[in-house]
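A quick write-up on the structure given underneath.
Lettered A, B, C and D in written order, each chain numbered from 1.
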Amino acid sequence: MSDTIVVLPDQTTARIPKMNYLSKEKGILSWLLTGDHKRIAMLYLVSISFFFFIGGSLAGLIRLELLTPQSDLMATDTYNKVFSMHGIIMIFFFLVPSVPATIGNFLMPMMIGAKDLALPKINLLSWYLYMAAGMLALYTMMAGGVDTGWTFTTPLSTHYVNTHVLTTGMAVFIAGFSSIFTGLNFIVTIHKMRCPGMTWFRLPLFVWSNYAASILMVLGTPVLAIAIVLVALERTIGIGIFDPTKGGDPLLFQHLFWFYSHPAVYIMILPGMGVVSEVISTFSRKRVFGYTAVAFSSVAIAVFGFFVWAHHMFIMGISNYAMLIFSLLTMLVAVPSAIKIFNWAFTLYKGSITFETPMLYAFGFMGLFTIGGLTGVFLGASGTDIHLTETYFIVAHFHFVMVGGMLMAFLAGLHFWWPKMTGRMYPEKISQLAAVVTFIGFNFTFFPQFILGTLGMPRRYASYPPEFQVLNVFSTAGASILGVGYLLPVLYLVWSLKYGEIAGDNPWQATGLEWQVQSPPLTENFPEIPIMDHEAYDYDWLERQKEKEVASVG
Amino acid sequence: MSQISPVIWQFLVKWMTNFALFPPEASKIAPEMDALYFFMVLVSLIGLTIVILLVTSFSILYSKKRHPVAVQIEGSTMLEATWTIIPLGLFLIMFVWGSLIYFRVYTPPANAMNIYVVGKQWMWKAEHPGGQHEIDSLHVPTGQPVQLTIISQDVFHSFSIPAFRVKREAIPGRYTSVWFEATTPGTYHLFCTQYCGTEHSHMIGDVVVLTPDDFKKWLAGSTSGASLAQNGERLFASLSCNACHNTRPDARGPSLANVYGSKLNLSTGQQITADDAYLREAILNPSQHITAGYAPIMPTYQGQISEEGVIDLVEYIKNLNSDYRVQQTTATTTLLPESEGTAGPAPAKPGMVKQ
Amino acid sequence: MIDPHDLPEQHDREHHIVSPRIYLTIVLALLVLTATTVGASYIDLGVLNPIIALAIAAFKMMLVVLFFMHVKYSTKLTKLTVGAGLFTFLVLIGMTLSDYFTRAWGRW
Amino acid sequence: MSDSTAIAHGADSGAHHEHPPYQRHHFETIAQQNDATNFAMWLFLLTEIMFFGGLFTAYLIYRNWYYPAFVEASHQLQIFWGTANTAVLITSSFTMAMGVWSAEMRKKGALVLCLVLTFVLGLVFLGIKTIEYKEKWEKHHVPGLNFSVQSFVNPQSDPEVYNEYHDKPLSLDMARHTELYFFLYFAMTGMHALHMIIGIAILGFMIFRAQAGAYTTGHVTFVENFGLYWHFVDIIWIYLFPLLYLISRHQ
């Protein structure tokens, strides 16, 4: 018995299908004016990768600076700008659009048996907004940057810094609308475009989790938009709404900001959870354990996600009573994540598991997200929050969730669907190596930061007391390993565009509708609209399909 | 060993000699918080171990080589209920435990010694009631609950002492408080943990914990002459507060003797305890805090007194146990113009009063 | 209320055309309510003033949403969407205010 | 929202030729398309609710904190103009609803008339708003740019308002907080007016298209969705009017 499920067509005779969404039209205009969700997904993929590497380089600079206790590589204000831009770019220009706008955009219509998203032009508009926002952010960086941190805390951002708060704010505002439009498009598509027979409980879990994330995008982002507008007005004409000397409450900004930015964490992680559900099911040849529980836990996270924002403000002067409510609700929102982790683990039970790259990344996700989630409880319990918040503990916590969770999931998804997107396989061995390197590098980078945080090292410090140096050196060393781990996929994925093996329709023997059509797919996805006549993750159905094909060919 | 480059060698030496894994516990609350912390670490480790064990054992047992055909399982309500309820229970324990600690940290005991802390870009200024000022450092005695009344003059800062496990945001325009009781003499880190602008990482200092005797010596050795209340008294006089706040029968303002800690009936019908925050608000935004029976004639002092000046006034009012002091102050005020040679009401320049 | 023969094209069975008579009734009701709310504001009712004004506003909103915006005749999905919007709106306001109101209660 | 044009790179499959020209390639039926765009519009309105939600929250908080300032500041608004504007906007909502009905009934003339009426009423609303804004500017009630607390520390200096309400003078610290009221007033009504302006611009475009007969061929989704938007803007005003103008008249 071989230890892989990959079934590739005979490489000597196999060809990439002549008609596909990539070859349909040529020329740069056909890309820039496209309405095709797959092409827009590719546009997004290129642009978010670009921003990821900018944000990544900034992270590299941060780690280099922190190699020594003094602020010797950069002046403190440069350091402040670097970490601010790192946060802004990574969150608004990479993590929020990463899985939904690329993988989600590409696959959502195919998974539910539709020809496109419901609003293709809005989809394209969303990308243009994203690019406009991105360019504005880049311009800001060139023009001198911003040093408010990604949280734009008032009154610092409104009255006390002289950097480009307005342009950055505008960039975030526009990027917000880009993500509103993506979310809106997904919700409409999932509600209205499902093919015959595709009931809610036959949807792949990837669709469920993107649906939950979309709800958060649509309902949360506008509040961020208004908060930023108010900051801009406060900064330009001094309206006093966040200015304590005029009777305003600076904490109100944080209420509005975190009303979006806490759900934003779920916007970032939920689609990643969807990817992991798909990958784990495919590589263990089993239906996801407790499909309904996993589906509803996504929705539960989305709903509860709106009730917990003030846990970012426990020590910042919210009332003790409000603290009690928000802390309690925070504990509740941790439960659905726990459910997911255990359900994934039990999906493996009595499966038939293989260990291709996406599966390795998914395992990485499970381990790191478990740590990230559990350390979140440290911060949700108000007592320990006092000691741990605003330190490297919180930095480590959200990097475990965002980088260890989301980025792992993104890479899992990218490798998993790469054959579908491009028609070619990525090289397996080196990508497995990259997955392992990433995992090791990640732990080296961020685990020491938990200890640093417990020791009390504050976040956003350009210099620190010398006794923290050893752990910081570890962290920086790990970051260089992590950097290699991220660089490798870029190299071999680009390489594979030309030299990768021809993948065929369904290299993983997966059950999703997207795998039942050619790779790369046609512009209209399906020659004719499919009819869903089986449950999601029905591997027996797949077997019967194959037998039928063999019979008909024979 | 000689092959190892000196840089790495230095690093190893440093590691062996100067490597912290856990912060010192130097306050009464620290062990309590650490108990919860280690409980959480334990729960996390168990949870993580379970997940890792499940994943690795299933990966070994049910790899494609050993287990070529998957057995389809729909799910198990029992199991799912288990891993819903057990984490929920644990999380709720952590919630209750955490909240208890939270309330302990933020509810100062009645006998706490009060120290005022003003945060500004980019320094901490601590003011002891006896008038001792410190910049970027804080001297406290062991065995005595110390309450910090914190305020920021500009942006959000956060006063953090990791060794005590306490931290509190310094908010512009509002007093916050935190308390601790130091247990071990020594010097500990003091950080600003809320990002506050360019020199954020230099807004650090030392917390020096002394034995009660040493602390007394330190207090005696670093006094600047006048206590906060005395400074407040002078400010009270120079702002002519006593023109209204006195005990004369026709006084336009309420008498402030023993006002601190008492319950006041406001003109809005609310009842409020006169604490530090109330006194501060009543000076800066008087019209929202009128005592019942008085006309809203008090002018605002917003923008005229620095935060330090307000602290002096608050401290003065706090210590007003009888009207004797006010009358004395009244007497001084009448003397002031001649004695200081200034004509008319002295301009309320806080800088003049406090340096 | 509707005459099925009036439908120019029955491309959507759920599509419901509201007759002008209903629109007219609603707009008159809205104008009357506006007059009422302005009138009520001239009478001193103490705490009741804002309550009445907001209640009337809520009622007006309901009329607009149900009839002008056809939610009364729409699918459950539309109704759910409207409900979800109101719910999140109330969460934002309610939970933020929960902090502000309890701050005045003091330390414990 | 421009769902009435087929997208440029649509599928060229011959199976779709029997569909009406306004149906886009990726929808199976026109009903599905209408449903989808209608639902999308509703979701867009949800984002709008949340957008205004932030402002409403701020308003409620500060009104509670600085009640006397908010009361006296709101006395500066003229209920007459507010009421007139409410009536104008409600009527415009009615004409818009009638427009949707005309489109559904394929009455081109009626549709154009309704749209033009809505357009005009929208402009009237903005005109009245301009009168009010201008008065605020003249009385130095524009926060940040042109603000003075004169009318509140010395109400008699403003005889028109004083004769109606007999406001007591506010102390300076409270009077300063009227700036917050006026900011919220300008932010909320300004944001609302911005939505009106966008709506009026789209209306102008629609009038031309309607004259060309674009909406009276049985495909009314665009008009319908625009109607939803217009009614939503109306609803925002229905709340702004009592909150800003009315509820503090007597306090």
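Note that a contact is a pair of C-beta atoms (placed from the backbone, for glycine too) under 8 Å apart; a residue touches a chain by one contact, two chains touch by 3 or more.
Bear in mind the structure is a predicted one, so any value in this text is a computation, not a measurement.
S.K.: Quick one: most central chain, C-alpha centroids?
M.R.: Answer for the innermost chain: A.
S.K.: Please tell me whether C-D or B-D has the greater number of C-beta pairs in contact.
M.R.: Answer by contact count: C-D.
S.K.: What whole-number Å value describes the gap between the mean CA coordinates of chain C and chain D?
M.R.: 15
S.K.: When the C-alpha atoms of chain B and chain D are each averaged to a single point, how far apart are the two points in Å?
M.R.: 46
S.K.: Determine the centre-to-centre distance between chain A and chain C, using the mean Cα coordinates as centres, and give it in whole Å.
M.R.: That pair's centroid distance is 37 Å.
S.K.: Out of chain A, which residues touch more than one other chain, so two or more?
M.R.: If we look for residues of chain A contacting two or more partner chains, we find 191, 219, 223, 247, 252, 255-256, 320.
S.K.: Please list all residues of chain B that touch 2 or more other chains.
M.R.: Correct list: 103, 106, 285, 302.
S.K.: Which residues belonging to chain D are in contact with no fewer than two other chains?
M.R.: Where chain D meets two or more other chains at a single residue, that happens at 35, 39, 43, 46, 49-50, 53-54, 57, 61, 65-66.
S.K.: Can you check the complex and tell me which residues of chain D touch chain C?
M.R.: Going by the criterion above, the answer is residues 30-31, 34-35, 38-39, 42-43, 45-46, 49-50, 53-54, 56-57, 60-61, 64-65, 79, 83, 86-87, 90-91, 93-94, 96-98, 101, 104-106, 218, 227-228, 231-232, 234-235, 238-239, 241-243, 245-247, 249-251.
S.K.: What residues on chain D touch chain B, complex-wise?
M.R.: 66, 68, 170-174
S.K.: Within the complex, which stretch of chain B touches chain A?
M.R.: Contacts found on chain B: 11, 14-15, 18-23, 33, 36-37, 40, 43-44, 47-48, 51-52, 54-55, 58-59, 62-65, 67-76, 79-80, 83-84, 87-88, 91-92, 94-95, 97-103, 105-106, 121, 154-156, 158, 160, 162-163, 165-169, 171-174, 176, 189, 191-202, 204, 285, 302-303.
S.K.: In the complex, go through chain A and note every residue touching chain C.
M.R.: Against chain C, chain A makes touches at 191, 215, 219, 223, 252, 255-256, 259, 306-307, 309-310, 318-322, 325-326.
S.K.: What part of chain C is in contact with chain D in the complex they form?
M.R.: Residues 6, 8-9, 11-12, 15, 17-20, 23-24, 26-27, 30-31, 34, 37-38, 41-46, 49-50, 53-54, 56-57, 60-61, 64-65, 67-69, 75, 77-78, 81-82, 84-86, 88-89, 92-93, 96-97, 100-101.
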